[in-house]
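A quick write-up on the structure given underneath.
Residue numbering begins at 1 within each chain, and the chains themselves are lettered A, B, C and D in the order written.
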Amino acid sequence: MQPMTAMTRPQAEPRSAFAQFERLGTRWADNDIYGHLNNVVYLSLFDTAVNQYLIRAGALDIHAGAVIGLVVETHCNFFDSLAFPQGVEAGIRVVQRGRSSVRYEIALFADGAELCAARGHFVHVYVDSSSRRPVSELPPEYVIALEGLTL
Amino acid sequence: MQPMTAMTRPQAEPRSAFAQFERLGTRWADNDIYGHLNNVVYLSLFDTAVNQYLIRAGALDIHAGAVIGLVVETHCNFFDSLAFPQGVEAGIRVVQRGRSSVRYEIALFADGAELCAARGHFVHVYVDSSSRRPVSELPPEYVIALEGLTL
Amino acid sequence: MQPMTAMTRPQAEPRSAFAQFERLGTRWADNDIYGHLNNVVYLSLFDTAVNQYLIRAGALDIHAGAVIGLVVETHCNFFDSLAFPQGVEAGIRVVQRGRSSVRYEIALFADGAELCAARGHFVHVYVDSSSRRPVSELPPEYVIALEGLTL
Amino acid sequence: MQPMTAMTRPQAEPRSAFAQFERLGTRWADNDIYGHLNNVVYLSLFDTAVNQYLIRAGALDIHAGAVIGLVVETHCNFFDSLAFPQGVEAGIRVVQRGRSSVRYEIALFADGAELCAARGHFVHVYVDSSSRRPVSELPPEYVIALEGLTL
């Protein structure tokens, strides 16, 4: 058994570090036995925030789109607890993208809080909805939507 | 916008890389619009596998325990899709622990598959259930349970 | 095998049939393989709407309340589909209550829709949070909160 | 405000009242703030049990089936609590069906328990997967599968 390796401990970030914000709600079933949002709910809010933005920005059409985003990596660091019935704001930014992939970085803020309660990311690989093979380049509507997530 | 940085790409691991296995079920509601387990479900299965093991090993008493584990970090890499009604086996191992924290590494295998469909980890910080402050050392029942997760 | 018995088929109701409204959000993971909210999500929104109202009305204190509501019955009829990323409004009314129980009737409306997409109810039996035995009468803060749900 | 009307109170039923049984697991996130399965989880287990049976019986093909089942009504009565990490068995029976609809009655039993902890039903209307209009008669593979749910 190795000791936990020393590492730069992740720090909560302020609202100014994010490019777009989405309002999200919490639910009764989100609270776990300890009275706070179950850790898995945060990841569900990440998905919701980014897809909500992509739909509104005209990039994602979940029923008829020729391109779909498959999640290949998720990550989250937790700094503070959230609990139903709190409202939550998700900050989003994109600082890295590949030919067919995008890394969305998301932070969740309690209503009115300046520092985030959690921060993480997920990586979407965009694939053709029929063949499920990576696209050779991001569709133009995604390129435009991603500009709105750049600081 | 930076290019996606080159990095060692995570690889699927075999069953032999894990110390304990827990059988888990999938649910109708787990399948998303693309017909496979939503990425968030994998994290829910991580939680379930580890807590199921800790309860059976006599470490975790969710109703009366003096010590509770708070999740401070989660991570998952996805290699292949899973879908309801598949059965899933979760492999678990622990290779790193601190004074009051443990990093649980988990992989999910489709029934009969030799390589995992996803692999990730979460870090529990163990706190006093009343004060919610980190314990000074892991309770002996946890130390014993963790031995069963060591390769 | 009996034939499905003839019965008065439930009908969608208008907004005017409800006393209070709560705004709720949908999530990416709510959509099932057929592209609409999984039926279970509707029940989760029922819970959320009523508890959100009861907390705001000062009746429910989920962390320190002496009285908790246990669900003994749930029901839902579905008239139309809803889908992420739609916003939803929940209408609530109470027309029946017992000594220690309340039947909450809830309808879910798509934003802007005049007729509900689903309507159902759940029955809460209020119990002492320690003994888990039904209270002999509803606490006064609940009586006041329920007045706001009466047409 | 009306008094709660007197009615025949639903009673827990024994295993012998059901035709088929499906084994189901519980999850960490299922437990709510009161330490027991959230009421919504029971409905998710209903869905899972019936669809799992229909898939195994060769009736439901969730990826390529020409007919899909839409839920138009759900109901559940709760008699006793269940909690993670308990295993659950779902008993299923069908006593009523229409031309294009089936009412599935389901009960959830704690492992080893003779009386169910909850019992309810849901009604599926079977529709053409393209037109979403009710089928004129149930496909033969459903008729066969339903025989296995008849007492």
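Here is the rule we go by: contacts are C-beta pairs under 8 Å (C-beta built on N, C-alpha and C of every residue); 3 or more make two chains touch, one makes a residue touch a chain.
Everything numeric here is computed off the predicted structure, so don't read it as measured data.
S.K.: So which chain is farthest from subunit C, going by the mean of the CA atoms in each chain?
M.R.: B
S.K.: When B-C is set beside A-C, which has more C-beta pairs in contact?
M.R.: Higher contact count goes to A-C.
S.K.: Using mean CA coordinates as chain centres, what's the subunit B-subunit C distance in Å?
M.R.: 34
S.K.: Find the geometric centre of each of subunit A and subunit C from their Cα atoms only, then give the gap between the two centres in Å, rounded to an integer.
M.R.: Between these chains, centre-to-centre, one finds 30 Å.
S.K.: Two-or-more-chain contact residues of subunit A, please, as numbers and ranges.
M.R.: 28-29, 31, 33, 35, 38, 40, 44, 47, 62
S.K.: Where on subunit A does subunit C make contact in their complex?
M.R.: For this pair, the touching residues of subunit A are 23-25, 27-29, 31, 35, 44-45, 47-48, 51-52, 55-56, 62-63, 84-85.
S.K.: With touch defined as at the start, can you tell me which subunit A residues reach subunit D in the complex?
M.R.: 28-29, 31-33, 35, 38, 40
S.K.: Would you tell me which residues of subunit C are touching subunit D in their complex?
M.R.: 1-5, 10, 33-34, 38-40, 43-44, 47, 62, 68, 70-78, 94-98, 101, 103, 120, 122, 146, 150
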